[in-house]
Amino acid sequence: MIDVQNQKDSRNIPIQKVGVKDVEIPLKIERKQNNELEVVYAKAKMSVNLEPCYKGTHMSRFIEILNEYRHESIYCNDIEKILFAMKKKLEAKSAYLKFSFKYFIKKQAPKSKLESLMCYDCAFEAQVDDNDDYKFYLMAKVPITTLCPCSKEISKYGAHNQRALLSLKIGYDKNSHIWLEDLIDMAQSCASSEIYPLLKREDEKFVTEHAYQNPKFVEDVIRDVVDIFEKNEIINYYEVEIEAFESIHNHNAWAYQKSQK
Amino acid sequence: MIDVQNQKDSRNIPIQKVGVKDVEIPLKIERKQNNELEVVYAKAKMSVNLEPCYKGTHMSRFIEILNEYRHESIYCNDIEKILFAMKKKLEAKSAYLKFSFKYFIKKQAPKSKLESLMCYDCAFEAQVDDNDDYKFYLMAKVPITTLCPCSKEISKYGAHNQRALLSLKIGYDKNSHIWLEDLIDMAQSCASSEIYPLLKREDEKFVTEHAYQNPKFVEDVIRDVVDIFEKNEIINYYEVEIEAFESIHNHNAWAYQKSQK
Amino acid sequence: MIDVQNQKDSRNIPIQKVGVKDVEIPLKIERKQNNELEVVYAKAKMSVNLEPCYKGTHMSRFIEILNEYRHESIYCNDIEKILFAMKKKLEAKSAYLKFSFKYFIKKQAPKSKLESLMCYDCAFEAQVDDNDDYKFYLMAKVPITTLCPCSKEISKYGAHNQRALLSLKIGYDKNSHIWLEDLIDMAQSCASSEIYPLLKREDEKFVTEHAYQNPKFVEDVIRDVVDIFEKNEIINYYEVEIEAFESIHNHNAWAYQKSQK
Amino acid sequence: MIDVQNQKDSRNIPIQKVGVKDVEIPLKIERKQNNELEVVYAKAKMSVNLEPCYKGTHMSRFIEILNEYRHESIYCNDIEKILFAMKKKLEAKSAYLKFSFKYFIKKQAPKSKLESLMCYDCAFEAQVDDNDDYKFYLMAKVPITTLCPCSKEISKYGAHNQRALLSLKIGYDKNSHIWLEDLIDMAQSCASSEIYPLLKREDEKFVTEHAYQNPKFVEDVIRDVVDIFEKNEIINYYEVEIEAFESIHNHNAWAYQKSQK
């Protein structure tokens, strides 16, 4: 059968990224706490560059590579192998992928110590360029509580507070390792209060009072995260975004910071 | 050209609803405050029944009907005309439609009295059945603040509060009329606090203290709405749903009630 | 600490459903092919009724029940136990739950026979009423290809085709069992062509020609599904919806059928 | 009342962007065809930088600025005024905004010449930096049909085709002007076939055959767009992304290109 993708293209236009998106796949990642690989529900986005001379890339090969690697760990440097497999199998010079997945972590209520599972939207993003230079990024979206310092200050009692979403993306030294569990902890330490899946009354009292004692604007949260990231010697790149679903408005407050250290 | 849709079908299976969905269209509706028709961004969902003998319906006719009626008011009894046009043009016995749209209402901050626009997701849903019986439903999704009575009661200070979404659907006597503005007011009167697009500091103080003085579970909100709907003599059908985006959890509290009076 | 939820309410309004929504949780379900329980990423929606005399329900107990049952199978009659646990722990007369989850099934390409994973959005919905009557519903959303019979008929060559989503919900006799795998097969058998995660060229040729030889309107697909459901002696309730993301329009064609046999 | 936002912050961390998001607002833009300003449903995202010395920005001022400018045109250079108003009112050095909106354009069926409205997701994005340098970007998401060249080539009859979304973002010389209507036309000219809201049978025959005669991979579409943008002397920056909702898969094919000329 004729290989249409392999035909010559006369437009002389190279393409930076071409591939597949929203491929649903169960992947395996290593947890901080034990050595077993955990199966996570993931969506894959994968691409390679396309030389000007070829009409198209071979999309089915991305799926074949996923099938090959889905039984192995995909954390950090493990992904380098996948990217090189993509370059080879698709005869490309650069390769890119992003695995977005649902990650459950056990979380203890602050007072009752009852344990339950909290789910975080996490992602690994990585690329290998023309010079075989490998870059890996760790991403997590962490729901937190923010309590408004202005509202607290000017009101006789109470203070508006709300769920907010803190989105983190970090790059770090290849020879180091940062666990999702630790990245999520960094995020939670910057909140007015952490968010929990299960709270009994004694816990609810604690988080309510704790948030009231720790009022934070989105500006405060982002500065506290930036402060942690700047002081961390392993992290060499970061993006932080926070979006607070204001309880008194129908729009959101947000802040964003990006830095290549 | 052959009319494939008009061909005979041998399976002898009538279809209850067949039509189009997610048709984006600017529609015109009447406001409470003035007589001018307001253009709203809408999505239309339209269907008719299909007799067992026909292979298919003629989808393009739904779009032609929309084009015909998009310059006229579509409020309440106006829609009856559209449904009868659908029955006629598509040679059907019953017809259904839903127009979901974005509706802006001016809202004054409680203290500064500054005016701004608040947007609500609203909808009109209607149907005509085999007996030409017409039913019309008015729907609105109203964002509000809820402040937790338990959190307030057990904590030394503060109380968790959050944005919540109150979704209302009502049916009422054909010879009456209920304005979206009034339905939305009913919803807002049941909240711990209304939500505003623009609040200066004096307003923020007011809404913070007001919410703290009016703690409400989702159960309280739904009961207050039900109470209003039950006492309203025009309303003969209602569905109420509330979903609170809990500031201390990553899941939502919700409650639902439905009644044919 | 005072139990605010347990306080008396004077409005005398019972609530039909109150509970939690969008609780993310890993659940375990039985596969058709082997006896091992498969972990799936799920979202839980759970509610009970609330007697008029109580101010509120105890939301944290839903999470405790989930934690208790998340290690056991949740298929079909297993859920009855969970619903009775909800009734007991929350002192309620009726209970409702819906588990929506991502379900992977191995799928073989039609010609190359290469195997890959396809993901389906599935759900279990169930309730126990005042009389301890238990109802269970099986749900699946199945992506398929539809190829337009009219377009094929009137055009010299080609025919527009597109991805469509077929959503099924069935109720069946408590003493029987229907596997998700079989429900999904029923759906796929009604398409112009099944959809696959991995297709090599020989497979692509096959699905292209197969779809062209099996043109189907949304009306045809829904009738074929209804025909299967009507002839199935175990199924006693069904809802079918199909939405085709038309390749020539920016709106969708859809059809819907519901029946209590 | 105390101005908490104005308090000194000791962390010495400047913030790049802080502001509001998802503000729903009706805005006015100029159409190509006539001089009247058209009201569009929009969502605004606005931010300014924050000096290290201040604790917070004043979020309500963004809304006040929107209220002030929502009666005027917001096209291209009009936005410069808004950004400078933001810098002034919020005492900031840089300002950023994005208006995303629904834009209706009349579209004629190719043969019957029947006219109907097609809706596009469009956006204006703009910023002013520390040096008062102004940048403006025009964005549009254009649904099109793609028909697979490989599927056509290897199959005896038919070819899989699908709805695809072509997302364009361009920057251009401040002294020039590009209409959304023209940007959308550029996108549509690169498709296997344009997409229409209303097609009668003679039109459906035309678009089916036209698509079959113009098979395009996502690679072909993106190259054709890039070719147009490269040859356009006004455009000095572009990003192009295409995502095809494959009718034979449940994942999407995509391609991406970005260039600063």
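So that you can tell them apart, the chains are marked A, B, C and D in the order they are listed, and the count of residues begins at 1 in each.
Rule of thumb we're sticking to: contacts are C-beta pairs under 8 Å (C-beta built on N, C-alpha and C of every residue); 3 or more make two chains touch, one makes a residue touch a chain.
Just so we're clear, the structure is a prediction, and the values are computed from it rather than from any experiment.
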* Hop across touching chains from subunit B and tell me the fewest hops that reach subunit C. => 1
* Structure fact -> Relative to subunit A, the most remote chain by C-alpha centroid is chain B
* Asked: When the centre of a chain is set as the mean of its C-alpha atoms, what distance in Å lies between subunit B and subunit D?
  -> 29
* To do: Round to the nearest whole Å and give the separation of the Cα centres of subunit A and subunit D.
  => 25
* Hey, how far is the Cα centre of subunit A from the one of subunit B, in Å? -> 35
* Mind pulling the subunit B residues that touch 2 or more other chains? -> 1, 23-24, 119, 150, 154, 197, 199, 201, 205, 250-251
* Residues of subunit D defined as touching subunit B within the complex -> 1, 3, 23-26, 39-41, 60, 63-64, 67, 102, 104, 114-117, 119, 197-202, 205
* Asked: For the complex, which residues does subunit A have touching subunit B?
  -> 118-119, 143, 145, 147-148, 150-152, 154-163, 193, 195-197, 199, 201, 204-205, 207-209, 211-212, 245-251
* To do: Using the touch rule from the top, collect the residues of subunit A that touch subunit D in their complex.
  => 1-2, 4-5, 9, 11, 13, 15-24, 45, 47, 50, 55-57, 59, 149-150, 153-154, 217-220, 222-224, 226-227, 243, 250-258
